[in-house]
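Quick one: the structure is below, questions incoming.
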């Protein structure tokens, strides 16, 4: 294709705490950043409940999305051989995919999606493909571009190399969020040497693999990822916050099904908790500010459960937690909660999670594995690194917790 | 007084990106942090429009308030002689004052207070002295404590040493915000050596002064302050955002005076833009989330001006700016804005600011000056440091800007 | 004992890049720092050949020794319970032991000790116990102090808790050198969260163990240690430099045994490479400066081998290396080296090293293991951490290299 | 000229603590780095006596020289317009000039040059132009190259743009040493935003000037420079060390003039302290290691003064200092020193220094001024920045100190 991608009149730089600067050369990228759907990401925190534990972790998906774009840009510039095997069309598509990969996220996606049919991946697709500012900006450059960009993000693109950069075991998304979440929590565990990784990546058989000299840098990255999960992402206080959110959404869903007029004062929540399609306009309008404002309204709700839970959320009166031991224990907790006058449907939250040492929590995809080039042969990382092999042999780590109000005592 | 200040059952630490950790030893401090009025500060950004320029500057007044508390705590521990000249009652009062000094702030205080009678200092006083969680927590320890704490914050306390620590040319407030804003913008200009300053402070004549060996560290701090003003706090893009806020509040005020029903959908704004007292409950409920949610509602307002301005704010369609040169130039801009169909009351914003090199923008208070102890005599900083004297002799730097919509061309 | 340990007239602080400041409160410590034997450590690099790879790694054992002292000081202050179970006498002895643990080191100890009978531990003992400035300073405070300090360093002290702090799997020595070597090489792999480790250590059964909440911080430390070994300490270029040193010392030893007059111009080396005792004065005078100066003299030696090797060392004309594969391969290398006119005794250097993932390279001592306190029971780290267990299950990593001149080609 | 500059077979990177990496693309640069005269810089500290105050400041001129090279390389790559106005020949010459600008330095140049006729600039010229490895490497690429490189360094090159990059108020040399000395002392005052400065430099009228948007970054750099002078470079303890060096060299000079045999044991010093030319071989051999080794020999000298001074230097028994007040005071000090049995020629050292706020200590050269491009006109920095103007108006800061042995008391 011989599309002309216009450069910015003046190359733009945006100061960034993680990468130093975000560099923008294409007018298209600048226009996407200024689209309302992208600006909306300023109003959604990157780490929902984590700021309840790490109070400085108040950064947004806006910053993270710029960061992923920048990592993609640096990969194209610095990974040996990558710039050459990609056409300009593919390079620009990749930059767009990096920038837009999280565009469909709503507030508190984790809790939201557990309760509802809402799925941020579906909305990412819709925002890129349907009638939006984003879509118009992409289409103005090339009619196929929205489809190509969304295909890269959704793993539908035929060239695996492109999807690998956006979403795999060692992708631009994770590399940015580990560094960024580490910077904003103040937890040093998430740091690794990004520049060293970029310098030791090469393209072999149309796939990005590591040179042998980069193994240690990748081991460090794997360790960073593991540590951030247990130190930050799965921190029980953060999960307690998410648990209360879950109960609020569950309660709103139940009330909506009952057609209760308790939901009238926060009617903008309704499309999300009932069956049926959700308009992109509703999605656009629901950000964390409107959510929080809705919870503020709910502190005066007629429904005692919503009133109490919303107040807990806003004022950080979180649930306590205990390791799950047995069904009898759980039964005792539920009895105690019940006796105290709480509805166990909303006041007892189970959260069971398992993580193997070397596996990502979300996907298990052959294409996404990390390979190392050793003496001309490609070797899977856990075969090349005895430390990663040690991880693989280590058993999965389970974490099963039960959350319930602080004042409850059982047995 | 022989009040007993209970220690926490277990000393608490909160990880902080600027100070490493926030250390909490007193149960009273822990309780204040968990009060709803303090948790509300999570929902108010420290730097309103600055994140429009520095996208990572998304930190809250909550983090900053914890940081000021921590700097006060470190001063008491580390400043030579300070711990000894203060009673435990005074030390605890100071810690409370550091923590609560910003408790009265609302969303976008700068723009808000320019339009309305709302004054964050008044609210700080009221939240500490009237019927609130904060007041009850303080009173439970000692009936006089609310008065003492608010007196320290409001410069009414008879012992100048106490107010000096919270609010002066070299106070815990500024020391935290320069470091914090530097960290979160990624701008290195705001960094200075806090530990060196603490180590070279001493108490002389019941006032904190610098040892001669600390002059260079203070020069560096003065320079950091100066740079942050021009690089960050007075950045024109940030002021453009504030200008639009100003126009929105002005428009809401005008409509409220006219008793327009355009304000009905966002009635929680009304108490703030009309005359008459504002309840603490109204104040509590108005945070940045409810503001933003209100602006989201206004994008569908019947009033075209509010509709347009709110949409600009949410989607970062900011005003352009030009240096003010003459009244004729201003007249030309207003004519052009008028011709384009815009109401110049809301679409032309003048913002004139002046800063002398060594003066703070807000106050000029003899008590707040920085003194250096040289050979047993106290010397005002600009007499002791030729570099600060250079600052004083440098003329004031003026910055007069006019903001108006991007599409307008004049002459 | 009721010894009085005099405090410094004014507490001293020394700016340090790793710990911020080194704090000195006792006059005894200040005097030891100013002893000639301690000042001599300024003239011995911490990482011999490493600056051949990482050019900024030019720091000395002087800095490191101050750093270990500071970590001991912080442990006493910050580790929960530790300050209480130690008498002041033990605390001061520990501080001295931290400061002096490396006092017996000579230049390039690793290579030196491989060739000669010189042993830095022996010299550490002698410098503390025999007639030196160090000994006189310690004795002046208490006649038993030299013995106690040297016992702690040499693992002879009856209270294992004291030796554990100076020398074990998780001791002040390693914690300083990992952080310091990381800072000066610019390699981020060696970083870990020292403050977090100190905060999660407790004293149980007169031994320092980790709280369960500190496991992740220790895992990170273990990982840092592992990475630093392979990235820095065992880097082949650094080992090539050590190999040439080894050959120089071997050649000097052989010539000394032959009573060759080639050694007359560098006679100060002789005591070290022949049998017989070495005086403390000879030891004091041999630092890296005198060594280097000796090598400079050797570039004009009558002995062609010394002349060539010394010149290689000074001008960084290092040996190349290859992985050892078989005795046949080694034979081929030796033949080629021989054919080129080089003496294989000095121009072929074998360096075989093995490292298991979770073991230190130097010692295997039951007392030095890391234990974690879980629900009141002490559990060895690899039982408590699945990641460390993974390390233990991973097989040992071997690295066998052969070094020889760059111009040699074999087969 | 159509010289071909060969690229390295593989681009080299050297990890650097200040710049992340030093990038080497040309084989010529790689060869120069490996020349013995350049490797010798590893054996000369960047900051002579400063490590007596800041114990971590143990970095060498080798690291600094690589750093200057890297800053030049980044300037060529990043300064808008610079790459285009330079031919490849000029670019490579500049890189060589950056790398080699300090090649003529000897140990403790400051003290050395004060006592002798030795001048490091002369030696830089000689090492580049006479028969050395450096010269042969340059000549092999192009016969004119040594002359061009030395002309750039010595301000003899006709194109002022080239010399400006290596040596002016805002040159690669200073930008590296401020950052590097800051990193290795641990003093944050020397930090400034190098990347911002590079991004706001432009070429106007064949000269590098600042864009108006870069003024604040340059102000910060000026401030960093000022602070580093007073905090680090002119620190009295460091000057005390230099004072003792000065006295040693003076004593050696006097003894050499007297033809004393006290100098026989350290004869390699003789060429430097007597009249007459010094060979490049003598210069090569005199590095800090041979110096220190010589001082070690002198601790056993027959000359009591050398014996004492050398021992003071090695064991950090420095002189105390006092502000110079009057000739009477000086006379009293000299009398007291005399009475104590010391020769005042060597035991009283006066060190008077003056620094204006905005001037470099060494040169005052019109060509080297910093200009700012404002609305198309070039304005000298102190006209463009009120803060720098403040510096200029501030009076010069004088620092006059007298150094003498610690045990002396006068009046």
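Letters are used for the chains, namely A, B, C and D, taken in the order the chains are written, and counting of residues starts over at 1 for each.
Heads up, the rule we're going with is that contacts are C-beta pairs under 8 Å (C-beta built on N, C-alpha and C of every residue); 3 or more make two chains touch, one makes a residue touch a chain.
Predicted, not measured: the structure shown is a model, and the values here were computed from it.
**Q** By that same contact rule, can you tell me which chains touch subunit C and subunit D alike?
**A** The shared contacts of subunit C and subunit D, listed by label, come to A, B.
**Q** Compared with subunit B, which chain's mean CA position is the farthest off?
**A** Between subunit B and every other chain, the largest centroid distance is to C.
**Q** How big is the gap, in whole Å, between where the Cα atoms of subunit B centre and where those of subunit D centre?
**A** 44
**Q** Averaging only over C-alpha atoms, locate the centres of subunit A and subunit D and give their separation in whole Å.
**A** 51
**Q** Quick one: which residues in subunit C touch 2 or more of the other chains?
**A** Answer for subunit C, listing residues that touch two or more other chains: 20.
**Q** Which positions of subunit C touch subunit D when the two form their complex?
**A** It is residues 14-18, 20, 34, 36, 39-40, 42-43, 51, 54-56, 58-60, 62-63, 66, 183-187, 285, 287-294, 296, 314-316 of subunit C that touch subunit D.
**Q** With touch defined as at the start, can you tell me which subunit D residues reach subunit A in the complex?
**A** My answer: residues 13, 20-21, 195, 199.
**Q** Contact residues on subunit A for subunit C in the complex?
**A** Listed in rising order, the residues of subunit A that touch subunit C are 188-189, 191-193, 216, 219-220, 223, 226-227, 230-231, 357, 386-387, 389-395, 397.
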